[in-house]
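There are structures below to look over.
Heads up, the next two complexes both have chain A, just with different partners, chain B and then chain C.
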Partner chain A sequence: MLKENLQKFFKIDRRWIFLLLAVCIFVPIMKPLGLPNKTIAPETKRVYDYIEKLPPGSFVLFSLDYDPSTRPELHPMATAIVKHAFRKNLRVGVVTYIPGATGMIEEIFETVGKEYNKTDGKDYVIFPYMPNIVAAMTQMASDIYGMYPMDRNGRDTRTMPVLDGIKNYKNVSFVVCITGTAILDYWVAYVGDKYSVPVAGGVTAISQPGYGPYLQTGQLKGLLGGMKGAAEYESLIQSPGKGTSGIDALNLGHLLVLALILTSNIIILIVKFL
Partner chain B sequence: MKFIKKTIPLLIVFVVGVLSLISYYVPHKTSVNFIELMSKWENIVSAFAFLLGLISLFFSHYHKISRKVDGWGYSIFVFIGFFAIIIPAILNHGKSMTAAGPTSLGWAYSSIYTALSGTMFAVLAFYIVSTAYRSFRIKSKQAFVLFVAAFVLILGKVPLGQIIWTSVLGWTHVTVSTVIDWIMTVPAVAGKRGIMIGIAIGAIVTSFKIIFGIERQYLGKD
Partner chain C sequence: MSETWMIAGAWLSAGLTIAIFSFLYKDNPFFKIAEHLYLGAGMGWLFQVSVFSVWGPKIWTPVSHGDWLVIIPSLMGISLLTQFIPKLSWISRYGFTFIMGYGSGLAIPATLSTDFMSQILGTVQPLSLMASMSPFAIFNALLVAFGVICVLFYFFFSVEHKGHFQKVSNIGIYFLMVYFGAAFGNTVMARFSLLYGRFDSLYASSSARNFYATQIILAGMVIYFVLHSFFGKKGPAEGEAAH
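For the complex of A and B:
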């Protein structure tokens, strides 16, 4: 009897699980638990420290390559790092190789740019979308203007104050690639390794373990992983945002997955010995 | 005919492949110029590939609608989605934001594209949780090791999990971060590095096979 009852758990309508997950995600979003983020990953801290050490006026190149599907994880970290760069008065250039990213890039610079009183063309430049990653990266090694003669609004980049003295990677102090794809690997292989440009990244939690070898060898100066990485960076720059508020939903969601896996396996064990 | 269809493409691939390979290692003005020229050509070819893909997509879905094959109604949404973005893009000259606020392209981007794309990805989470409950069975020692590693990683990735770890295993003086750090820097890196080396060797071999005309699949069957 007990065995049959327990086996019913495996035939449970999946919609109950969907409902449970929906509750676990919605409740903390509506009413945040406010749990403290106790640890800061060393990889996150390294990105923060690197930007912190750059002298004002250094040119930082952001490669923001994510589309709305990975927005919850990657957009908060992109926003946080851009905030940090503006706070440090660094010059910022933005490239993208994902067509769906353009709207979110505009959104970041519209809000963060205004917050820090930064001007398009003087303090930052947004280059247009390019379809071929390797071609663009290779070309920028000799002459950035060969690949990007105009910004995304068709203005001449050669005369922009933000690009004063910038010709190629030799003049770029730091590259930060935030992506849900393998574009970070390209930055490491085609730019970081070949031209000795320091590269750091921000990736989704699921792809974070894959970058361990690059971190260990120093090919990546640092890495932000998933929503936790975003929350950690927000905590470092003391500017809580979507990463911090989303971490509560992540808390319960992750624990639900663990609880369900444990429950199903405990039931299997009990059924086996009954 | 064989000369035009086979020999010339193979010759182009060989010459461009060998020159690109040499240019990567030779820091000379000529090789830099060659790479720059190739980069520009690649971008132009990519743009044409986009156009070709778009035309192919349209024809494919047009035929589905005209022949009323199963699920032909979904094909209509391909055209609706395309025009919902492309028309505002043309009207606003590709600008999603102006000083006055978001344009109709900006609205279409945030209210249609972002919403649909986000929804599609979010639905995955529900299936992952359901599948984890139904399918993650610890039936072998390997599965047990995988489960323990996944358990520790998931637990350590969220503050609530860290609190649970500290309250249950705090007496061991081993933090969850230390355990995660070991998993990520020793077994995970070892596995990943092996995969990366394997992929890299495979890519090098395939590239040489293409350059020297041993691999000819890309030429098609004719």
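For the complex of A and C:
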């Protein structure tokens, strides 16, 4: 009798699990629990340390290549790193090879730019969307202006104070690519390795394990993975944002999954020995 | 953006999100509308990107400024379309030849250097620096090298996997399983993050400023399902639970 009752657990309508998961994710949004994010991954710390060590005025090139489908994971990390760069008074250039990213890039610089009193053209420049990633990356090695003669608003880039003294990758101190695609691989292969430019990345949690080999060899200077990576970076710069607030929901969701796995395994064991 | 447009956007966003999620309960017309709208909007978006972000700045603007050279690559690009006309499809070979040559020339050296040579170096080099490494770093370097050899053995099919070969190959499977486990765990985390993103947006749309868009749409959806369960005909697809 007990065995049959226990076996009913495996025939549960999966929609109950969907509902349970929805509750676990939604409740912390309505009422944040404030669960701490105590661990900082060493690869996240390396990105932070690299930016921290750059002298003011260094030029950092951001490649923000994500669209709304990966926004919850990547937008908070992009925002956090841009904040850090502005706080350090670095000059920022932004390129994108994903057309859907343009609106979100504007959103970041509209809010973070205002927060740190940064001016478009003087402290940062946003280049327009460019098709054919590899061609753009390789041409920028000889002349950035050949690829981007104008910014996204059609203004001449050669006369912009933010690009003063910047001609090619030799003048770029750091490249940060935040993407849910394989564009980070291109930055490593066609820019980092080829022209000895330090490259770091921010990727979705799904892609994170695949970049382990690049981290081990030092081809990637650091890596932020998923919403947890964003939360870690927000902790490091002491500016909590969407990444930090998502940690509650992630923790509860993971606890639910763990509870379900444990419960089913315990039931299987009990059923086996009954 | 005016306040009205912001509110309209919140209603549209909440409506489409709830319509897509409603499939988790069961298939329904709202899900189908949202699904078709997504496909149509996606195609429209890509079309405008091609016209305004590629064709305009890369072909139209240079040609209108007298840079006629861009016509050559444009013609090569257009030649790919002759694939659809059997009698003229041979012309497309010129475009494909260029793409193949250009792509291979760029990709092969970069891949060999980045993913092959550098990775071999990264695996072997730490073994030569052991004198200056901490015990944990030495263990790590040995583990990486051991794992690489075992996994490579698993994918080496010219020797029958028997005896010692099988043992090494089996250890390779365990290394692969650890990777797949880590990848799966990260996939779960990524999916939860995306779900959090949508729920966060739904929560934002539920405010009084947005006239309680989420609550009203959700209530409407529930009423539809209740009424449908009482009065609707149960077709094979409609009655099916989400899987």
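In this text, the second predicted complex is superposed on the first by the 274 of 274 C-alpha atoms of A that agree within 3 Å, B and C clash if a C-alpha of one lies under 4 Å from a C-alpha of the other, contacts with A are read in each partner's own complex, and residues count from 1 in each chain.
We take it that a contact is a pair of C-beta atoms (placed from the backbone, for glycine too) under 8 Å apart; a residue touches a chain by one contact, two chains touch by 3 or more.
Predicted model, so just to flag it, every value in this text is computed and none were measured.
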item	value
Partners on chain A (chain B, chain C) - clash or fit	clash
Touching partner for A:T119 - first (chain B), second (chain C), both, neither	neither
Touched partner set for A:L255, first chain B, second chain C, both or neither	first
Contacts of A:Q7 with chain B and chain C, given as first, second, both or neither	neither
More chain A residues in contact - chain B or chain C	B
Touched partner set for A:I17, first chain B, second chain C, both or neither	first
Which superposed partner A:N265 touches (first chain B, second chain C, both, neither)	first
Contacts of A:I29 with chain B and chain C, given as first, second, both or neither	second
Chain B versus chain C as contact partner of A:K242, first or second or both or neither	second
Which superposed partner A:G146 touches (first chain B, second chain C, both, neither)	first
First (chain B), second (chain C), both or neither touched by A:Q219	second
Set of chain A residues, in rising order, touched by both chain B and chain C	14, 18, 21-22, 25, 69-72, 100, 131, 134, 138, 205, 209-210, 213, 216, 226, 228, 250, 253-254, 257
Residues on chain A engaged by chain C in the complex (per definition of touch)	13-15, 18, 21-22, 25-26, 29-30, 69-73, 99-100, 128-129, 131, 134, 138, 188-190, 193-194, 204-206, 208-210, 213, 216-219, 225-228, 242, 246, 249-250, 253-254, 257
Of all residues in chain B, those that touch chain A in their complex	32, 35-36, 38-40, 42-43, 46-47, 50, 94-97, 106, 109-110, 113-115, 117-118, 120-121, 125-126, 128-130, 132-134, 136-138, 147, 151, 154-155, 157-163, 175, 177, 181, 184-185, 188-189, 192-193, 196
In the complex, chain C residues that touch chain A	24-25, 45, 49, 53-54, 57-58, 106, 110-111, 113-115, 118-119, 121-122, 144, 179, 182-183, 186-190, 192-200, 203, 241-243
In the complex, chain A residues that touch chain B	10, 14, 17-18, 21-22, 25, 33, 35-39, 41-42, 67-72, 100, 102-104, 106-107, 110, 130-132, 134-136, 138-139, 142-143, 146-147, 152-153, 205, 209-210, 212-213, 216, 226, 228, 247, 250-258, 260-261, 263-265, 268
